[in-house]
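Presented sequentially are two complexes of chain A, the first with chain B as partner and the second with chain C.
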Partner chain A sequence: MHSSATPYLKALGTRLLAGIPVLLLVTFAATALSDLMAGSAAQAILGEFATPEQIAQLNAAYGYDLPAWQRYLRWLGNALQGDLGHTLYSQQPVAQVLFDRALVTFEIAFAAMIFSLAVAVPLALAMAARAGGRLDSALRFAASAMLAVPTFVSVVVLSLLFSIFLRWLPATGWVPFFDDPLGNLRHLILPVMCLSVHQVAYFFRVARNEFLATLQQDFIASARAKGFSTRYILWHHVLRPSLPQVLTVMGLSMTYLLGGSFIVESFFAIPGIGWTVLSAVQDHDLAMVQAILVLTVLIFVLVFALVDLGYALIDPRVEVK
Partner chain B sequence: MSMRRPVWPTMSSAAALLALGLSFTAPLAPASAAEPARGGEMTIINGSDIKGWDPAVTNSTYPGGPMDVLDAIYGFIVYVDVNGVVQGGMAKSLTSDDAVTWTLKLRDGLTFTDGTPYDAEAVKYNWERAADPDTLASAGTWAATWAGGMEVVDPLTLKITLPAPNAIFAQQVAELVPFIASPKMLEAAGTDKTKLQPVGAGAFTLESWDQGIGMTLARNPDYWDAPRPYLDTLKFKIIPETNSRISTVVQGGATMMAGYTYQFGNNAEAPGVATKEIPIRGIYRGYFNFENGIFQDLRAREAFYAAIDRGRLMQAYTQTKGYTAPDNYFGESSAYFAPDYKVPGYDPEKAQELIDELAADGKPFEVNIVTYPNSDMKRLAEYVQQVINAYDNASAKITEVAMANLRDTCNQQLAYDVCFDGGALVSNGAEPNISKLLGTGGALNWSHYSSPEMDKLLAAATETVDEAEIKADYAEAQKLFAEDLPFYIFGEDHRHLLLRDDTGGVVNSNGGILQKQYLFVCDAACVE
Partner chain C sequence: MAPQPQHTLLDIRNLHLRLPSPKGELHLLNDISLTLERGRTLGIVGESGAGKSMLIRAIMGLASRKARISGEIRFDGDTITGMPEARRRRLLGARVGVVFQNPTASLNAFERVGPQVSEAARVHRGISAEEARELAISLLERVGIPDAASCHDRYPHEFSGGMKQRIMIASALAIEPDLLIADEATTALDVTVQKEILDLLQILQAETGMGMIQVTHNLGVVAGRTDEVAVMYGGRLVETGPTRAVFEAPGHQYTQRLIAAVPSLQAPIDQELVSIPGQPPDRLIGIRACPFAPRCAAATPLCSETMPVLAPAGDDGHKAACHHPPRVPAQTLEGAR
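Entry: the complex of A and B
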């Protein structure tokens, strides 16, 4: 007899396996494209006054001059044995660096997601019930304006306001949660706010429209006829049928949050994977770039697989295949 | 704001001492009202991280550059102070009477942090290693010319006999091979640079390094110059974005950063913040292409100088008023400044005349401006483009290349007419930068300017110990500069530190590198 979880696990496994070609393609592309970048690892190590001959000698000594496919196979062989290599300059184990920095990015992305949902969904529910009202119109206008603000603008404006003028929040840096929980919170607020400007508006608009559509369904009219209060109807009859769409948006939001982390982490000097991959690319630290790409592909495949399965969990009409 | 400030108030006497090959045996102590106290920590923010601990791979003597970090671990064996005078650092002195035979005197009892003695053998080993082609040191070719002439006289004395007189040898050592690492560690690492560990005898030892994020250094309790270093902990933090670096210092998240006053703006007036000028002059420059295109013709170089008001160009670049265009390679405050020789000033009529003349000769004044795409450089290039386009028979276009590609595009591929590099290049002393910029094949001579007469003058200035001769040689070099216009000097500036006002013991050396052993935390505001 099959357990009820079996189809879900199978579906999850199938989707993860489908991600393997993507993983190989992306990591190979990173190796191949690194040849097109200006400079080289040897140039960085030897400095600006190194001669072309010296650079060529070091590139040959470390195998940086091998064809892309050879370098890729070498990396892949090591990676399959669990060895992601060492950072190019400080010689730290890449796996450890990846773990430490991914935790930072995940914390920020998770906090931004929770904060955005916590603000946007209740507001969207409330405005769907008062659709067309002044407050609803004002909030829709505000949401449109917020959606138009790119992250590289929000980081500057919010940093200027909260760090420079008001001096409430630190301008840069990061404190791990287990070192200083309060310090961690202080360093978390500004990046989360920057990422949430867009996300709150996005969730609000999508959720409001979805709630509004659900409110026009016949079963809502029945519920009203039975005399249920608006609040009861919203929480018990509107929220759940509308969630699959919100869930889809959450999955897509992960792409935005990870993309946004590049800007936010760079601006606030936060040691997450966004900042790390940017500096690793500039520094020709291919082992670090590859490791982050592997993690990023895994996250995306996993998130979209979980979103698919989430539909089935929320809505019994959806069948898991 | 006037950018012409006295830089070398004691330059004449300093240059005389330098020419005689003398160096002081005690480092200059910082002038500070506050009494240094032990303890505390400071965080210095840099824009980028170092790429390794090889003591022989040295470049960038500007504050916040890789050598600034390596200095904390290894310490400069000798250094050039802000007056251009060579001072004893880890070594007592490096002196010569004839500019041929140099004597390095070391301090007694110095050891590396692994217990190996910091003696004449260790220095010889390091400099021989730098000269070894397998070390891949950029100064390797230079070091190879004299490394065979080293003789260990006793554990504290190393004699170096040069193949030819070189009055600036000590300065070159301070810039090119100033760091000495434990031979034991170097031997263990062999030619594998990834195995090099930071084992020096400098003021600090490495506690941790998180690549691209920062590093933490701890006080070296066995440092030779007790009670220095005063700080218990020194941190380097990496923040690539300039505005983020500034706001971090303003907020107290770090102690200091190096930059330019135009970058700081009103932040320099924030509570708890101060600025301190690094009294080392630097020049802003563009390179003319001497191998291809319009600027092979001297008239075109003259026209370029005459066409643009360099004060306004600096205003466009820095968004700050008050800059005065320098007259020549050496600024007015330099002992070598020769007031009679000036590059062409702003003269639009003369510029138009020259441009028309070139056009009549079938040489259209079409200028390809190459630079990299940061906001300052874009403003600079766009201003130049607008001004050139305003002349008849003249046009300019801008080609942006990645910052990492600029040297390759300009110096190797020569795919430009005029090439603008960012930052003020240190021109504190005559050498070694003047030869790098103006000597045939010089590392910074992106123009590919080649003049046997200039080469002869530069060589003559380094071979003599006679101060009057040196001045005469450099006066001639400036005359030649004003005649040949080897590159485009459009401004001069001094780097500044933006720092917390309770930062004591700020002493700069070489190109502005901080002598970190002097730093201390004051009880109250103490930045002078």
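Entry: the complex of A and C
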């Protein structure tokens, strides 16, 4: 580990720059894909009773009739100046709307990640110490079962239980944190639980197996020969060497958390990006769809860059480049 | 001369270790009896699979939980077999240091070197952070790490194999052990580095007066560096005694063949290397014959009918379990040193 943060920032910068081609490719593909929609975009937006004049007007305003590459360059030029366009119906700046919605999704995804790790990792440590035991076997079975439950099932089951039968938690809706922190928490719990069903099981399995593999290492034998307790060995010698694997899985699970947010947000009517992208696609709000794609690509590039840097922070043998 | 009990550091009596396996029960240690006096050095030699490392694991309480162990092990008067696990762990952890074969794998690559060196003292003696740092630096100096103070905060991968083994030795010394066990500690190192490490161990032992066990398949490690030697074969002790006596007049055919198999620099260049044909015995069944009989040139029907017991083969407690002890003195160990 270096005392200075500069090499890390530099490495982060290089990785973000490397994400630019991906960003361009994905956004261009999205622009081009809208050509595949049945009928013209303007027709779809205005509905089947639109007059040719109305369609021509809309095309003139938004350039829907231009070839894909022209539309793309137009969008890119504006985007580079910070203008992501306006939402189709409410005519709000896309960037502003997206920022508000993304905060909601990030809050849920972040909470689900923290919650899942906080449950799964200590449990995995405890089970690695008694691998093959009854409790370990039971938890492994439970984890397999939890992984087999699709999110659209867990949302129904959990909301049925906690909102309909027990009436502990609100079934739908959202309260921003800064308006009402407690209300925010109450609305947060169900979506986080739904996303965590998978995450807890996934992290538990990966972490347990990784801890077990680390326990087989020679340096664990020398720690045992020094008379350290199993608990001490788990916390001081097993946890950190196992973290790179857990970190990899954390990065990958971001894909699940974002994908899962589509289902969870639409089920609980939460105004996050998952919910937004579904309605934007339905409404043919192309500017919004494009902006969400940009955000998604940025998130992934950033997450994987952070995972890379995380390896270097955890493992002294890994150098940041 | 009977050893005085209060000076006996390690006393192993009739130790057996059985391990259940899918194919049946493995007889990994059979009727092992050994003693080590305070401040003395014992070499345990044998081929891979002879049970040397298993014996160390049984002593340290590191054998598999499934293993069935019988017999008695006493450490400095305390019977450690049958002792509650946590108590045994603390007792041995605070008084026995172990150095393993592969220094690269035996150090935690994720932790700085200094804290690893002082760790056992921090855990067992609860010394402060500053004391731990001082202790680690002084130990690193003692095992010959140049610029020990700056090495304290470096990671294992920044050191060579020989240096890492020195660091492992330093970490085993942190508790000022009464017994140091070197389990194939030089096997993974270059020959020149091997000699340096062996010399270092010898010096440290002379300085501290700790007892030492050298576990090795390399007779050269044992010859001239240990007071006593125990030869293991097929999970049994086949010969034990003062190192000099065992090497000069081996009392077991296996020991003699082992000594003869050591390549010598004095030998003519076209001389074929001696090897012992055959495989070590299958440990599935508790055999009643001499375990070496199938590979032994001197074997007679008696050898495959009756198990030879350890019997006096010379002075000073030299014992061997052989029906037909070799008559010819073995070649001297010039080449092995």
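Here is the rule we use: the second predicted complex is superposed on the first by the 292 of 321 C-alpha atoms of A that agree within 3 Å, B and C clash if a C-alpha of one lies under 4 Å from a C-alpha of the other, contacts with A are read in each partner's own complex, and residues count from 1 in each chain.
By our rule, contacts are C-beta pairs under 8 Å (C-beta built on N, C-alpha and C of every residue); 3 or more make two chains touch, one makes a residue touch a chain.
Values in this document were obtained by computation on a predicted structure and should not be read as measured data.
Peer 1: Of the partners chain B and chain C, which touch A:S279 in the superposed model: first, second, both, neither?
Peer 2: The answer is first: A:S279 touches chain B but not chain C.
Peer 1: After the superposition on A, what does A:L46 contact: first (chain B), second (chain C), both or neither?
Peer 2: first
Peer 1: In the overlaid three-chain picture, which partner chain does A:Y72 touch, first (chain B) or second (chain C), both, or neither?
Peer 2: Touch status of A:Y72: no partner.
Peer 1: Quick one: is A:T87 in contact with chain B, with chain C, with both, or with neither? Answer first, second, both or neither.
Peer 2: A:T87: touches chain B, not chain C.
Peer 1: For A:H237, decide between first (touching chain B), second (touching chain C), both and neither.
Peer 2: second
Peer 1: First (chain B), second (chain C), both or neither: which does A:R224 touch?
Peer 2: So A:R224 only meets chain C here.
Peer 1: In the superposed model, does chain B or chain C contact more residues of chain A?
Peer 2: It is B that touches the greater number of chain A residues.
Peer 1: Hey, which residues of chain B end up touching chain A in the complex?
Peer 2: By the definition above, chain B touches chain A via 49-52, 54, 57-60, 66, 136, 138-140, 191, 193-194, 209-213, 237-241, 243-245, 247-248, 250-251, 253, 267, 401-402, 404-405, 407-408, 412, 443.
Peer 1: Which chain A residues qualify as touching chain B in the complex?
Peer 2: Residues 37-39, 44-52, 54, 57-58, 61, 86-92, 97, 156, 159, 163-164, 167, 170-173, 266-269, 271, 275-276, 279-280, 282-283, 285.
Peer 1: Across the complex, what residues on chain A touch chain C?
Peer 2: Within the complex, chain A touches chain C at residues 217-219, 221-229, 232, 237, 240-241, 314-317.
Peer 1: Would you pull the chain C residues touching chain A in the complex into a rising list?
Peer 2: 60, 62, 86, 89-94, 96-98, 100, 102, 105-111, 119-120, 123-124, 155, 157, 168, 171, 175
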